[in-house]
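Listed below are the structures to be examined.
Each of the next two complexes has chain A plus one more chain, namely chain B in the first and chain C in the second.
Let's look at the complex of A and B:
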């Protein structure tokens, strides 16, 4: 662009010259445009400065995105010792004692001074008789065994979303915990922190109940055996769903994928799968005693994949019916090859005899 | 003022195109980034209700069915009425909500009560779009061995629970015990609630009443209480919706009959082809029925190990026999079902 001293048409400079090209700008036009452009630039810059937040968005509790909830596995047993036990019977307390003893005793899992988190399934405000939640007798047995092994503190938790107080009270879990000296930790917003599972496809920036794990050194999951409308079955791995916050029902679009990722959230010390009574249909809520069947089985292992692989038979199904088992195994959560865990099967009746 | 048209040099034109290309690339990148699922964004946009707050309180919405649970004669409320809509139903029955949502769920209200003998029970009233939808959720959960209940034609009771429909509402009443007095107490409460609930709305003028498909199953050999309506994914086939099934015990063996009504004969035929294809994908192969068997025209007969299927269409009706234990049972039930449909307007 060139500047001329004399405009072709004073004032607007819009007339073409004889060659058809627009006339060159004169000084006044140039200064006017320069001033306009400068005003626009200053206004844009000012708006940006006004909107600039030097602090950024407020951080969430914990201040960082977690990558997992921890590895709480105990030292592996000597070679050849059973790492999976199945106990048949109907008395949950006695079955728990026998199953834990078969795996080396509670001292193999809980040491003096440990802080133990018991992850129960308290999903619904449903009485224990309906089998939709962890049975209070099993919780009581676990709490007492932890305390007998020297646990400094036993904490019981779950995130049922709907009225946790009601779920824990109606299911009898709150009463069982209180009577045994365990602490019930109900979910509250401050306990949730975002977690992104390394390599995870679904669990990214997702709120999890991380606050419940503060100071915890051992984790034991106590799960009922239930039919599940979407997942096929709700057992040990599905129980970890209760560690998620937020509108977790969106994960139902890929229920198998999210259950497999749940297994990667944490490595439990022990999982106990309570199939004394199994919810055969209309799960996970049930509601009728007709939905239940006395399957008289309790399964113990540190490997939730193995426990669920055995447990699914109680529902009359096979591991193939639960695609999340293979996904979890592929992700290194555990093994479907239960024979590799040197399993033992015990019967309460025989033990008593 | 005369409009001025500035001649643009080639360099300026290329520069402009370059800028536009960069801007377009940014738009495409933004679109792709936004299309990916980001759970954290979903959480932020749709936070769950605060802990301990019923969805009805959180949403501020009014739920018409909450009124039915304000009081029940002879039962003391043991908690507040909680109500849920399609957005929040999973907050209450996560893992099972899809069963109701697939059958056009509209709202649900639930409340705990206590009876004079200390029994704690929960009463849940689900509102579906139509009586057919209400039947779908009732029948798909029907408990084997349950007893019929006089509360309504579809009502049934178990040791500790009672389930019924009235109009487009499905009601669940579940007690925390199964004692001798539990069943009569539930039945008495259910009768009172059923009386209070509105009856099925009459068909709109010119609309005509919907055909009662489940009444088309032949009565002989029908297992009581076995008629079900699958709102979705019937017999394991994804997308196979609104299919009635009924179980039969026949002299030749057991089998399941099924019926579905579609909008057009072409749609029924397309579903028949799709279901036959699904069966073939799952190991079934053509299994010719015995010579001389009297079967409807155009039947497709398939068989796998110990399981036999026969399906056909009659106008807008898709009919068939599913999972018969032998070909004789499949043929026998096909003949009975075809006879039952003989006088039905296709």
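Let's look at the complex of A and C:
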């Protein structure tokens, strides 16, 4: 203060000078500069105060925000009503209708005004006929059923392995979605947020596709049945891998552990396991018709553990071959005791005939 | 309509077309995607590409016929392409105009005085043609069309992607694109020094047009050399630096037509005869100019064998030099690639990258595959890069040919290289950790990666038993493994019984181990060992197509534990690795 005033004093004292005006100008200029400097100084101080960080940076950046992607389960049906349905046939659309009807109809899962997220498996830019991705017919059937049940919006998503645009385009999923009025949501960096599963060992501070769930009220997973060297099989639970971002492959070091945690990440409204044709070998990519076998089965349940427990038989394997089933059951994701869900088996031919 | 208005309309049209072609150069069927737009048409109009590849390959690839058409038209009416069509020329003209807003007419006229340095571009042209004649096509480095496509597609458009997602949802990355962007900025900035700096002094395509324009029967010029007020208003807006007020430097006129528009007394016009005030052309063939051109051409021709001495394309080639599917063998590839970046731009995986050093100096900015970057390896069902290559340096493949199906079954699938497992980095080989992501993503059926199963003792896994209850073992000392003992990957075997089948651990930790079944022979006082069940990947080189899915997805994120190198690539013909 004193310092800034001092140089001004001689100017002030000499203001009634011979000419008068230059001193006036001097003073005005000085005041203007003083004001400018003060504004800048205050602004700098304010900026400093606003950004003040007394602790310094943490070792790892990123907040731990989410604890799960949500519980989207519908109200459980009355006791005794089937909660698991197996449909035999070859026409995916008709099988879907029959399976859903057996579980109480689409209205039991989707109500008027719901925003439904369909989690497909679009992992590879591979044509539908090779069975590496969710079949577009199944997607179309699901979208139409959701809309018929009054869904306000149907969104289809996955975070695939190949380039997302190619995956949805080549697999025919984009075409199916377009033609029945569902929107495809491609993963982009802004849609991922970090998540730490309570009690999770593997999914801690890990990016997940949370942005796809904004406003969503129901989630239906549509998965193909595929062979998988490391996990034994890729079905409903393994399909949730597609909700992870980052270099998620490190979880293959404990694949059963991570699949069990994937089951806790999200409680779906319904899972549909499409075993109309199963990829018996060379999974999960396939690449040849020789890898496929017509197994003519589709499984419906709200319980992914139960669905996968049944589905593994299509690959000629047993639930014991998939240690993640027991782990997921222990973690409360679902039950391997299929009989407790009052399962029904239907056949398309009989129903039609 | 005034001719300059027509010119501006034409320039605007071609600029918009250029931007449109850049925008839609992404794989897909949407309106803003490829869906059959002729995105290479502007590149095909380039006679320097046609001439260069003709010299280097002794053939003229069909789409490049357009370039000869443009050249033919230039023979008649001069450098209309520079003035009316070239998108880089338009950008140069716009920036030069912006930089001179409010500048006095006299100063502008001074800027547009023709100078000796305008002959430099002819020397550059001679140099590049000399290179091309000996097989090293380098025109694309400075040829304005490849240059502007490369710059905008690789350096400019990706800036609009991250977060905003203007063209792509995920950000695009290009190695070393910094230099491409900087060069583009420099070219635009130089317009502040002189209007159309690049066009006047550097552009080898302009030089080619300049040579062609010398014979043009219809040309701009003064109707009479007398009675001109010498106001030099024409020169204050001359884009070519060709002195329309005096002796016209006819090779430099790029038909901006500003002189014609500005002349207050209408003395300048199009006519079927030379300018009445006299004409000259660059370079002057009679004397020094001819020598300079010859020297430049010879230097270019010399540089090609020098590259061969370096052997960046032959035995001395980098093993990581992997070209996109359908690329010709290295020699023929370099005779065609003009570095326009179309393939880099269109690849949905974003794995095609501009080479900075991998392909040697001769291959600067030519496309190479880098499986560490991008979204995944080369997608089996994609052939986009070959479809957009304007010179067929990457052949337009069919899917059948790429996959080795149908008519191509005998030749087998196209191979880009071969994957090698680095056993010193691979988790199951080096760290005793299960993984095999590579096996999982290998898209070949049957898979090129197969596994051998082994059971390996884990560190600190020898445990004395304190008791046995059915399938539960009580331990004298607690188990401490670094992984998840209940993950299904851990097994137990009686120590000293290597022949016995290991029994899977289903739970454990602490002082108890739960097994999937009773362990025969287990009893208190005996020792068991904990084993980890590993599947160790092996590559079958006879099946591997080198797509790099495995390398891209390998969780060892730095130097991957499985890597593709160019061994066994189809394009090298007799360079096979296996007998």
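As a convention for this text, the second predicted complex is superposed on the first by the 288 of 353 C-alpha atoms of A that agree within 3 Å, B and C clash if a C-alpha of one lies under 4 Å from a C-alpha of the other, contacts with A are read in each partner's own complex, and residues count from 1 in each chain.
To be clear about the criterion, contacts are C-beta pairs under 8 Å (C-beta built on N, C-alpha and C of every residue); 3 or more make two chains touch, one makes a residue touch a chain.
This is a predicted model, so every value here is computed, not measured.
Check chain A with both chain B and chain C modelled on it and let me know: fit or clash.
clash
Applying the touch criterion given at the start, work out whether A:162 contacts chain B, chain C, both or neither, answering first, second, both or neither.
Touch partners of A:162: chain B and chain C.
I'd like to know which partner A:187 touches here: chain B for first, chain C for second, both or neither.
both
Once chain A of both complexes is superposed, is A:208 in touch with chain B (first), chain C (second), both, or neither?
Touch partners of A:208: none, neither chain B nor chain C.
Classify the contacts of A:327 with the two partner chains as first (chain B alone), second (chain C alone), both, or neither.
In the superposition, A:327 contacts chain C only.
Give one of first, second, both or neither to describe whether A:230 is in contact with chain B, with chain C, with both, or with none.
Both: A:230 reaches chain B and chain C.
Scan A:129 for contacts with chain B and chain C and give back first, second, both or neither.
first
When the two structures are overlaid on chain A, which partner does A:276 contact: first (chain B), second (chain C), both, or neither?
Neither partner.
Mind working out whether A:245 is in touch with chain B, chain C, both or neither, as first, second, both or neither?
Touch partner of A:245: chain B, not chain C.
Check each of 237-245, 471-479 or 543-551 in chain C against chain B and return the one that clashes.
Between chain C and chain B, the clashing stretch is 543-551.
Both chain B and chain C contact which residues of chain A?
124-125, 127, 161-166, 170, 186-189, 228-230, 247, 249-250, 252, 281-285, 287-288, 290-291
Under the stated contact criterion, what part of chain C meets chain A in this complex?
Touching chain A: residues 26-29, 162-163, 165, 169-171, 348-350, 375-376, 379-382, 427, 433-437, 439-447, 451, 483-484, 486-489, 504, 506, 516, 535, 549, 553-555, 557 of chain C.
In their shared complex, at which residues does chain B touch chain A?
On the chain B side, the touching residues are 1-2, 4-7, 37-40, 42-43, 46-48, 50-52, 54, 79, 82, 90-99, 112, 120, 122, 141, 143-146, 158-161, 172, 174, 176-178.
Mind listing the chain A positions that touch chain B in their complex?
By the definition above, chain A touches chain B via 12, 14-16, 20-22, 123-125, 127, 129-130, 161-166, 170, 186-189, 194, 202-207, 228-231, 234, 245-250, 252, 281-285, 287-291.
Give the list of chain A residues in touch with chain C in this complex.
124-127, 161-166, 169-170, 186-190, 201, 228-230, 247, 249-250, 252-257, 281-288, 290-291, 320, 323-324, 326-327
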